[in-house]
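Next, two complexes with subunit A in common: one pairs it with subunit B, the other with subunit C.
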Partner chain A sequence: MTTQSTVFRRALSLPQAKIGLALTAVVVLLAVLGPWLGPWLTGYDTTGFAGKPFQSDGVAGTDGLGRDVFTRFLAGGATLLLYAVLATAIGVVLGTALGMLAGYTGGRLDSLIMRGNDVLLSFPQLVFALLAIAMLGPQGWLLVLVIGITHAPRVARVARQATVAVKDSDYIKAAQLYAMPRRRILLREVLPNITGPLMVELGLRLTYSIGYVASLSFLGLGIQPPSADWGLMINENRIALVVEPWGVLLPVLAIAVLTVGTNLITDSLASAAAGREKEVAA
Partner chain B sequence: MSFDKRISRRNFLVGSAVLAGTAPLLSACGGRSSAVAAPTGAPRRGGTLRVGVTGGGASDTLDPHIPATSPDIARVRNLYEPLLYRDHDYRLEMLVAESLTSSPDAKTWTATLREGIRFHDGRPVTPADVIATFRRIMDPDDPKSGAASLTMLGEVVAAGERRVEFRLTEPSTVFDDYLAQYSLGIVPADFSVDRPIGTGPFRAKDFTAGLQSTFVRNEHYWRPGQPYVDELVLINFAEDDARINALLSSQVDVIDQVPVALVEVLRSDERLRVLSSQTGTWLPFTMRVDRPPFDDVRVRQALRLVVDREQMINQVLSGQGRVGNDLYAPFDPAYASELPQRGQNLAEARRLLAEAGHPNLDIELVTAPIQAGAVEAAQVFQQQAKAAGVTVRLRRLDTTTFFGENYLSWDFAQSFWYTRNYLPQVANGSLPDSPYNETHWSDPEFLDLVRRADRTVDRAEREDLLKRAQRIEYERGGNIIWGFVNQVDAYQVYVAGLVPDRTGLPLSGYSFREAWLG
Partner chain C sequence: MTTQVAVTNALEVSELRVHTLAGSPVLKGVSYAIAPGEVLALVGESGSGKTTAGLAALGHFRRGLAPAGGAVTASPRDGEPVDVLGLGERERRALRGHTLAYVPQDPALSLNPALRIGRQIAEVLEAHGYGASGEERAARVAEVLGEVGLPADENYQRRYPHQLSGGQQQRVGIAMAFACRPSVVVLDEPTTGLDVTTQTLVLRTVAALTAEHGVAALYITHDLAVVSAIADRVAVMRGGEIVECGAAEEVLRRPAHAYTRELVDAVPDLDGGGGLPEPDGDTETLRVTGLSVSYGEHRVLRDVSLTVHSGECLLLLGESGSGKTTLSRCVAGLNEHHTGTVELAGTALAPSTRRRTAEELRAVQYVFQSPYSSLNPRRTIAQSVEVPLEMLTELPKAARRERVAETLDRVRLSRTLAGRLPDQLSGGERQRAAIARALVTTPKVLLCDEVTSALDVSVQATIIDLLCELRAELGTAMVFVTHNIALARHVADRIAVLRGGEIVETGPVGDVLSAPRHEYTRELLANTPRM
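Now for the complex of A and B:
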């Protein structure tokens, strides 16, 4: 269990991790508190009308229907963030389970899982999501599920590789000698020792999830109007980019800062994990 | 997938940063302008007018009788002319015919062709050409778009050197209205689409489907002096942004269909002029009167009282429109303007809903981007209904699905219609046998009044019947008509001769014969 905290401590000591953490925290706070802060700060709720469309009233003007852009910006991150986190969780849990099982068991089960994986990997994630949404309609749970499921094979590949690297260690062999059940070995012995690469994968998948949810909303297939949502806002207001740029700029900035932030954290976790491996090898 | 590679992730980040950096610059250079004076005085001859038109595609055509998209209509309006058409004030105006008169029983209509009118190649227009034109339109194997509203037309026969008789199978007092359509252009008897000849102010020179067409001045045009420009170029634009940028960068002189939200911006640019036309185009919410809960007249009345019409015009159309009174055909001489303007009355709406047994009404509104403003109107309605305790769930579809197999069976949806007079509109959408009766409206009292009006030749008596029919729709109809949409176009300040037009077609009804360059 100590390895996990070492990786974290190591990562946190890197300056890029601190920057990343700060950036992420700002956007997450904004997204979580925004829905309550918005009406209190501006006096408008997310679907109320503040004036005529694309006017400069208020902090950041009005959108294509005359709603207050700043209120909608503050409220627009919560759903995006929630969907992205849920999709990442599904992807990482599912992928880790499959990858560990394949890597630890080996043999025919390994081939079966990993070749099935390769088939899924051959579908571009967004295309797969578009297909599912076109068939079943744009619904929140579907969005989360389809992005999560398409993450799984990518996570599984990493998890399997990491499992194969540790499965011949002495402490695993010892556990096997005690006739510990496979589930327990996987959970108690293998999992804690592959958290480094998994954390990297978690951060990476979170970044992609944010990108995918926002892209799908932008295309009109994700979060539906009249909800306030950053991806949707970019689409709704892009026609007036020259006149009232804030309706596009604010969500673009928020998404950019969030992805840069989570990426910096991920990068530092990766280098911390790599540093530890080097140490072990030496 | 390349997204997984590190380099593209970095590119993505760089890309977002660049995007974030350039946008303020874009907004900064919007206000640049060089002052040019608007032309005054008598129209000047010569020059090339370049027009950016919305839409179009590979199926673009020069066929006079099947125009579908905006560029098709723009071409048809300038190459061909029907016997008569609507002028800018939505009054009938004689074109190829110089008069059209009805027999007392309204079963025979006689058109007299304009003296000296010629086709592009100099040949005079004869009754044989008119007969051939209508044979082409009514061809049973391949009926053209105008055929649907001419079902009462029995035969077309020559009645002298310049006279043509239209013999109807049943009386129609508004047959002149049915003939006044741009898709009924008169063409020579030997017409073929490869040689697109008509009597319009311009003749075709070049045409590339989906891209652009070039027309030149018709020397034989019957109106003296017109058209003023030597050459007319119509260019297709699929995207709003592209069309507006083409105007801003002077690649075109005129564009149609400016998004209403950008009107103020274009207006503030000294180099440009905005042309805003009041029209009879309406974007109603349609309630099926034969399906619960809308089969209860109190629910329909309540939902009409829920709408804040002024707010609709402001939020959806940026103020570019006029409020409606749940009645269509505002330019019809028989329009029931005496009925009081309906406004928002939430207390009365709640009372009606409670009385109908739906104190917490929950309904689904089917919407699609069928016309600019449609989805926006649905969202504003959803917000307004909230105040009356009515939950409106939006079901957003794409246009193809909306007009697919379930079109005409949505319980609560939206629609849009161009300017029409009352009886032609009723024939299209308010009779049990209408092609587009979206509300399934078949009120027996209403039907009786309309059928009688259709046969009544006396104008005052007919208007009285029509006003009574409108009162029924005002009281218990299935349309929520919150407003009439303005048509907004824009042009460079040096272009003159474009005037507001009520037909709902953009840019003076695409009538470029009157345009000239200063």
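Now for the complex of A and C:
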């Protein structure tokens, strides 16, 4: 698909995309390889005791229970990243499907889907997640599902708008002329032509997912102790911020770098897609 | 032209070169000059650089383009000639609107929809400090409105652009351009999108204004018939160069350059054409009876009836808003909100494609107006052409591929293009692909909705030839929807003239063109510019 690849190529030619890609790659590598690297580098595992609590032993000292902070930091990104990616995938797939259906069909179904969307949108995402977790307990699948579902209406709005913009094109009319079933029209004729705005939405939702998973863990409602997790680590170590800052600073830095990185990529994708639209209009 | 003395010319462009920022040339040394009161037409097909050459006269270059040599000299009414390219952006802006004026292509897009037209014209005068007082400017607004043939009274000046017709909007655009009494006016295809009657009116306005006020006009167009109606001299552009320049009469009657000849020959002529294949005419393929469409109070089609025989071509003629596209879409099954019947070889068709059988769907095919939007930009030509086979036949994949390749040959489209995406093809190639998609199921009825209006004349000629050949080869009944009556003898056997949703006249092409019975047809024929 050449048009697709030109969007990526043009996005990559922007300096901010390169920076974003580098930042994201560093954190993702760290999170993926960290669980294996940690014990090998430091000699401790994530729950093993390395010494007295809040001491400056090792690379980054020990935490409140005397575990090695650096090992836990290396191991703490994998779950966070996995949850965030899964939640984003659920949100984007669900939202795209609903949005395209609403935009293409129009009429009553459109109103039904979009007003239902508005109801969901009126809950703050984090509050909605808190509610579900308070009712069903902090479980990984629930975290992913709730964050995914709260993403869906936001993605759906974008997908609907993009679908409405292309649905009156002659090539859609041509497909109708050949009595192509609706599902096929949506998948083959509409979807490939709205990937630009959807890619932007994908990046944006990923950034938010990372933030939400980390926030919920920090609040003690996400990933549970004793497993190592960046959000959780910030909470565990914040009382000793002045004495032993690394337990807080390392995870904060990692999350910040990751979100800034994904945001930069998204931004450059957005401007590349907008540039393409401008070209088409000209 | 012998009066090439620098002083007498209102505008002189010499050896102008324009490059893209990447360095590839767009204009390769273009020179032209226009005397006061003279109209120079800059003619060329899309991509020839005519718009770039025209806008350069205003010292304007589109984004991504930069001048790379040459000079543009404009002479204001009172003062010394100015080197436009040598000026700074601020001085250039002062010059534009005052000495150099511009009339854009689409008046609906260029007028501010939130400003009353009187105010809008007065704004130009204020911006350029025309006149000493408000009263003087108000007088000028009224005067210039009168000059373009619009009512100048207070009531009219208080109208908003959307309350005017397309032709009136364009005349307001022209009034704005002429408001400050410029010495040079650049008109960028100002009549594209207007119907012929309005076009004639606008052309007359432009001709009268330039002659009366001694304004040098540069008329950018692709339409050679319009050129013969308005221009004193013509410059033909191709690939960033002027290939021929001379008196309009001379260039159009006795073109010296091969390309000009090609262009002139490609222009459809009301009197030309002929030599069409004889339709066998015995079987009635398509019959439309009592077709009506209304949206609320607005009736788009009123009780339209027509028949087309196999191998015959019916020209459905109408201006924008006449309901011609609605009619063809009703036949194709894309508009289900109609009353009346559409019969294919004696069997009534369901109003919607969803309830037609595969066989019926295969039999009626539709070619869309713009090949730039009728092909999915993300699917290859072969994939797009294969769709009807995939949806409407039981053929296995290999057989479908074979049929696609055959059809591409049939529309004279190289098989090597099959794997390309639409944006890697030219407009003519895309339209061929769209025609291939319609022909791949060997339809009995082919509906062509303004299929050439988005294409250049030379491409239009080849597409029309192709359609005529295919009709003879396949015996397809064809409905050719168009606004251009000049195409009649080139494609059709019969004409149906549609106006305001009603067929006002129908008959064989020769009869209708030589002895039109309806007032409207007579008016159309009188206003169609001839070469």
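Assume the second predicted complex is superposed on the first by the 281 of 282 C-alpha atoms of A that agree within 3 Å, B and C clash if a C-alpha of one lies under 4 Å from a C-alpha of the other, contacts with A are read in each partner's own complex, and residues count from 1 in each chain.
Throughout what follows, a contact is a pair of C-beta atoms (placed from the backbone, for glycine too) under 8 Å apart; a residue touches a chain by one contact, two chains touch by 3 or more.
Just so it is clear, the model here is predicted, and its values are computed rather than measured.
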{"item": "Fit-or-clash call for subunit B and subunit C when the two complexes are aligned on subunit A", "value": "fit"}
{"item": "Which of subunit B and subunit C A:A179 touches, first, second, both or neither", "value": "second"}
{"item": "Which of subunit B and subunit C A:L187 touches, first, second, both or neither", "value": "neither"}
{"item": "Subunit B versus subunit C, judged by how many residues of subunit A each one touches", "value": "B"}
{"item": "First, second, both or neither for A:P245, with subunit B first and subunit C second", "value": "first"}
{"item": "Partner chain(s) touched by A:T47 [first = subunit B, second = subunit C, both, neither]", "value": "first"}
{"item": "Touching partner for A:L136 - first (subunit B), second (subunit C), both, neither", "value": "neither"}
{"item": "First (subunit B), second (subunit C), both or neither touched by A:L29", "value": "neither"}
{"item": "Which of subunit B and subunit C A:P226 touches, first, second, both or neither", "value": "first"}
{"item": "First, second, both or neither for A:L112, with subunit B first and subunit C second", "value": "neither"}
{"item": "After fitting on chain A: smallest Cα gap, subunit B-subunit C, Å", "value": "29"}
{"item": "Contact footprint of subunit A on subunit B as seen in their complex", "value": "1, 3-4, 9, 12-13, 16-17, 19-20, 23-24, 26-27, 30, 240-241, 259-262, 264-265, 311, 314-316, 318-319, 375-376, 379-380, 382-383, 394, 396"}
{"item": "Touching residues on subunit C, where the partner in the complex is subunit A", "value": "332-334, 353-354, 356, 358, 361, 365-366, 368-370, 373-379, 384, 387-388, 391-392, 421, 423-424, 437"}
{"item": "In the complex with subunit B, residue positions of subunit A that touch it", "value": "47-49, 52-55, 64-66, 124-125, 154, 207-208, 211, 220, 224-226, 239-243, 245, 248-249, 252-253, 255-256, 259-260, 263"}
{"item": "Interfacial residue positions of subunit A with respect to subunit C in the complex", "value": "1-4, 169-171, 173-180, 188-189, 192-193, 280"}
